[in-house]
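Take a look at the structure below.
Chain naming follows the written order as A, B, C, D and E, and within any one chain the residues start at number 1.
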Amino acid sequence: MLKGIGVEKRFGGLTAVTSLDFEIFDGEIVGMIGPNGSGKTTLFNLISGLFKLDKGAIDFQGFRISGLPPYKVAKLGIGRTFQIVRPLMELSLLENVTTAVLYGSSGLHEVDVARDMAMNILKFTGLDSKFRNFPGELGIEGRKRLEIARALGSKPKILLLDEVFAGMNSKEIEGAIELTFRIRDEYRITVFMIEHVMKAIMTACDRVIALRHGVKIADGPPEQVANDPEVIRAYLGESYAKN
Amino acid sequence: MNLTLTLQSLISGIMMGAVYALLGIGFSLTWGVMRVINVSHATFGLLSAFVSYSLFKTFGIDPIASLVLTLPAMFGLGCIIYWLLINPITRAKAVIVSSMILTFGIAIILENLILLMWGADPRLLTTSYTNKVYVIGPLYFQYPRLLGFVMALVGVSAVQFFLKRTLTGKAVRAAWQQPEASQLCGINLKKISMITFGVAIACSGAGGVGMAMLYSFEPHSHNLWLIYLFLVVIVGGVGNILGAAAGGMIIGIITGLSMAFMPYQWVNLLTFGLLMVILVIRPQGLFQSEV
Amino acid sequence: MLRIDAITVKYQELAALTDVSIDIEEGKITALIGSNGSGKTTLLNAISGLKQLFSGRIYWNGEIISGCSPDKIAARGVIQVPEGRKLFPRMTVQENLQIGAFLPGPRREAEKTQKRVFELFPRLEERRGQCAGSLSGGEQQMVAVGRALMSMPKLLMLDEPSLGLAPIVTYEIFKIVKELNGQGLTSLIVSQEVLQTLSISDEAYLLEHGKIVMRGNAQDMLADPKVKESYLGI
Amino acid sequence: MAHGNDRSGFYRVKLILVGIIFVLGVYPWLAPPVYFISFAFNVLTYITLATSWNIIGGYTGYLSFGHVAFFGIGAYATAVLGARLDLGPALVILASLPAGVVSALVAVVIGYPCLRLRGPYFAVITLCFAFVTELTVRNLDFLGGADGLWIKGLAMPIETSRSIFFELMLVLTVVCLSSAHWIETSRFGAGLRAIREDEEVAQTMAINTPKLKIMAFAVSAFFPGVAGGIYACYLTYIHPDIVFDVNISILIVLMALFGGGASWVGPLVGATLLTFVNEGLSTFVKAEFARIIYGCLFIIVIIFMPNGIVEFLKNLIVKRRLRTKFVKNKSSQLLS
Amino acid sequence: MTAKKMGFMKASGEFVGAILSVLLMCVVATADSKPIVIGGSLPLTGQHAEPGQWIERGMKFWAKEMNQKGGLLGRPVEFKIYDDESNVNKAVTFAEKAITVDKVDLLFGGYPGTAARAVMPVVEKHKFVYVSMGGHMKSFEQGYTYSFGGPPLMGEWWYEGFFQWLETVPADKRPKKAAVYTMNNPIGVSLTDSILRWTKKLGIEIVVDEKYNLPLPDATPLIVKAKQMDCDILCSNGVLPDGVMTIRAAKALGYNPKAILQGIGSVLPAWSKELGADGDFVFSGTSLHNKLKFPGNDKLNEFVKKEYQLDDYPIYFGFGYCWMQTLAQAVEGAKSLDQTKMRDWLKSNTVNTIAGPMKFDSKGLPDPINFCTQVINGKAELVWPAEVRTAEPVFPKPAWK
């Protein structure tokens, strides 16, 4: 469904992503791991069109999306969240999601209908009781949920989740994992997520891609990737892998 | 093309541009360092021009000599203004926009204070050397313009020296490049910002006197000066002192040459049009933004 | 020497640190480990005064320093080498070091300390006129440590000194930290490079979701499976 | 607006508004001194200008400092159209509608490159645009050049003609305010607010930001264009110094921000208040002092009520209510 | 609103108006000493504050004098002056405020030209006599009947006197090539009118003709051009600051034409203060002058000397005084405050002012004014017409010192 061929991105002299190939299949939950600065968020920015590729191409459902402006990419059905949440601060939760519904691929123009739909999504993400509140009044978990709700609002076919679990406690993480499953099962949305919380990756993902310095070092089932010596070295340092 | 006309316009353009630059460096500094667009920058320059005018008229102190008095006074005024008014808004969400409106309020107040104290009529700073001229071959150098040029050179070099050579100046640059890390090195951001603002206002003071030696000025002149400030800073790159100097020169030269070879009434139009084009093509300025 | 007493730090409503207490003893290296987003950097910033506390106190030699502005805390000799180095990129190496010695005390000794820094990092002396931004990652880290040393720290706090560095450079940096410790400098290291960090440290804390979940001797921690679990979730 | 008002309250507000409009509509026929009609005309003009500015400046977050250009373009387009088509005095006023369209078209053309710039850069480029149009008009002889243009006045008693202009401006103001209100509650407005909050996020929400921005800019240029046309007929003499006065530009920005840019009420309140304050000050105080007070007002607003006076008063009321009703933690939630 | 309703409203309005005027007349009849209020606005702050303030002083001096003499129609006069802050829109609304809210008896003239032009159609509608500088020929050609230039500051006539005098100079001594620099505003544009007419008539070729926007950034290129084209007459149609800059540049670049004409800067005392001897020998025009032999000028000079320590009264002081003189004579001539009667009286009679006798034509203008001034020894002297001459014109201009 989403496919990258030889994706490359440089910032000045630094290569953030180096000839990366990846593919996400319909209905999967795929995780992406890697130490800080390994190019994960850069990859998301490339997919969603916020950055321009230096080399390679990205296809979505057989359609070339690299080079399109972000709003066109989003219209095609690629939703995303941001690592550092970026809610529309001066809009209420309902307005946040309603805006997404109005402009998303559902093609709705009536504000009232969109509002009802947004309300459903808020219910789905467990924020319905706070629909009049503003993002500033939410805790981190709530904001992450809002971020997901807004992404769901535009009715994506694939959802890119950027470190949704970071900063949550274990109970919240469990809730979020459940939410991820429900996104796939109830909304039929493919999920591609960047994650540091390994527990979440282990339970939630069908497949994990590991990056280091912008290069893919592992791709496979979570257990296999977690025990991959390359990955352990990437995370814990040179000598830890030998232990 | 006529060589004498070209050269003569080039010379007067460069000299004008130098003074614009002097007026512009402080503006560039506050915009770049503190994200404060000080719309009242030119008004402070105007204030200093009026003060020097009065010092000259009543005590006969030469405007250049009176800088010894006005510059520290402007520095102090800048510090006070920063402490009282700018500091409270530096934590606001949209500092740049808030600062523009806030300083616009300051500009209104200053302008009307000037009106109250000096009246509305245009002034000319006529000193003993105002009408003096140096002639080199077919070219003429007007003394006040030369003086303005020298003043601008000294001013720009002084600010450059301050930023590049003195520890306080280096701290200013550090605070600008990495506010957090500079605090970790023991730099008090508030104090440094205050000094920066003071220096900027002092520069505008010098620039204002420079402008007064070249042009007539009245309580409303700062509006036009402000346009030149934007021109200088946007051409030169925000926060770039040498860029501002170069920006001033470029604008001076363009104005000078276009005055010589274009219908005069289109000159301002060309200048503003040029600014628009530069903004669209290279909003970061022709030169790298640098500290 | 530095006592952190049950501090809680919040970003708006969200708690980044809850009830964290840490003791740093003079002359020792203390390690603070934990996965991404566990609150390590927040803790250092709280100590340095960049981040306001929600509750709790921080004592420096018995004196309360929480609530002071960052420059006042730096003036007491609590110096941080921030994550990502945060050098002044368009200033030369020499100027970066000079800013390190900005405070009046260190300024008086600046020449002497600079000599020492150049002895520690001979490479920096070669590059003293170069812009910090143009240096390689390892050299930048050296400048960052050098800049901190210029402030004549009593407590040196390093935040992710190994970030983005080749293993050999990381090794070199850690060696120098150990060497400085030998000369009596107290250090607090925050790192993901678990093994190397623990191997040079005396004391260690494991931070998870803003809480201290383990504290103990660094060597003991090395062997503990809980550490690996915290990182990899296995 | 999407939250808050319950239905009955909403209808009550609507009823009050209709009442106010009715009273205003009848007002000039009660034969007040002509000056008060002219003054009310000025208030309405500023309300229209501030409200339409707010569509790009407040909702979308792009601070245009050159909006007077559209006012001037409207005025000149009306005058030129009237003269070219040889329209009688009564019909010239109608030319202000196509003049509004001309303004909107200019906004589209100029908006295309300019709206790629953000924050202060956009402010500067729009300011420049205002100067460029002013100088162009001043230098073109067929637009009257530095002499200005005359327009034939209505051949009616002054009371009647003033009242007609007042009614026209009232209609425009009501249309402008309702458009602003409609935009606020519509899909369009939702998109604009998303752009204001975070343009990049807005793009990932599938919002075609370039298109939306240009549309907003065009709409916010249309009303000043029409207003300029009516104003030209009202004054019967236009000159670049009058209809391209940069102070108008700055004044409307301040009016909108003073009232608060988030909703249509802000510019309405801001423009009304500041026009009255200005009038009051210039009657009772020396003009310099009046303007110093004016300047202080901006500083106070920026430091103490950064979201505008409407929001400030709202919070004040909410706070007072909460003090009596709720416990403290609840209030902090509602106020933040 | 239907026509019928309108008619009703109008009728009732007229009825109320009638009652009011009857009441008013009673009041007037009973209290004859009630002051005559003269209202309007002046630019007391803002861009045009300087001339605006002098006009105000001139008006106030007139009022003082009038009240000492026992007032107008036996009633004291008093002013209600608004500050329009040099804003045309405000000038218009203040004029309306004075007429409809303050119900003033008379209206005084505003300044500058743009404001007067915008006010003229309004006063026409309100039927109020408006004596002002008017704002140049074009505004007097709009068919307004209540507006008078008494005297006007008429750009179109400004250099009339100079050229009339120049015609008396032998043809071979006259300048041949002219450089014309004009500020890009209504005053500037109207100043070029007489230049264009007369240069054609006298066979002077205009080689350089340019407009500039105020403030003038730099005069050097202007002078270089004029010098290179060998222009032997320089027409600098500007105000004080740009005029001063132009003269300075001319001296700096050693440009020495036979004659320099300067717009409305050289008639101000500040001219010689700024330029010293370099400001000498510059020609200009004027609408009135402190050395004119018409009665009243001496009084004004005396007052100004005592009050402001100036040797001669500034031109705008004179304007303020003179416009009020014209207005007062209209009232006295019509023996009433009825504006239409005043207008009709002005159209058919001659007023005597410090600017001389004036008889207004159908446009509201007096006969063309043809004074020519030249700065000699730091003073703007009258050099034409010959009968009012206070000094002999100096021509050609001596070289720079």
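In the analysis below, contacts are C-beta pairs under 8 Å (C-beta built on N, C-alpha and C of every residue); 3 or more make two chains touch, one makes a residue touch a chain.
All values reported here derive from a predicted model rather than from experimental measurement.
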{"item": "Touching both chain A and chain B (chains)", "value": "C, D"}
{"item": "Chain D reached from chain B - shortest hop count over touching chains", "value": "1"}
{"item": "Most remote chain, CA-based centroid, reference being chain C", "value": "E"}
{"item": "Chain at maximum distance from chain A, centres defined as averaged CA atoms", "value": "E"}
{"item": "Chain pair, A-D or B-C, that carries the greater number of C-beta contacts", "value": "A-D"}
{"item": "Separation of mean Cα positions, chain C and chain B [Å, integer]", "value": "42"}
{"item": "Separation of chain A from chain C, taking each centre as the mean of its C-alpha atoms, in whole Å", "value": "32"}
{"item": "Chain centre separation in whole Å, for chain E relative to chain B (CA means)", "value": "38"}
{"item": "Rounded Å distance, chain C centre to chain E centre (Cα mean)", "value": "78"}
{"item": "Residues of chain E whose C-beta touches two or more other chains", "value": "45-46, 184, 211, 213"}
{"item": "Set of chain A residues in contact with two or more other chains", "value": "136-137"}
{"item": "Contacts with 2+ other chains: residues of chain B", "value": "112, 115, 265, 268"}
{"item": "Full enumeration of touching chain pairs", "value": "A-C, A-D, B-C, B-D, B-E, D-E"}
{"item": "Residues of chain B that touch chain D when the two form their complex", "value": "31, 37, 85, 88-89, 92-93, 96-98, 100-102, 104-109, 111-113, 115-116, 223, 227, 230, 234, 265-266, 268-269, 272-273, 275-276, 279-280, 283"}
{"item": "Parts of chain A lying in touch with chain C, wherever the complex brings them together", "value": "35-37, 136-141, 163, 166-170, 196-202, 226-227, 232, 235-240"}
{"item": "Chain D partner contacts - residues on chain A that touch it in the complex", "value": "48-50, 69-75, 79-80, 82, 86, 88-92, 94-95, 98-100, 102-105, 109, 111, 114-115, 131-134, 136-137, 150, 153-154"}
{"item": "Parts of chain D lying in touch with chain A, wherever the complex brings them together", "value": "2-4, 185-187, 190-191, 193-194, 196-198, 200-209, 262, 333, 336"}
{"item": "Chain B - residues contacting chain E, complex", "value": "2, 4-5, 8-9, 12-13, 16, 112, 115, 119-122, 124, 126, 130-131, 133, 135, 140, 142, 214-216, 218, 220-221, 224, 255-256, 259-260, 263-265, 267-268"}
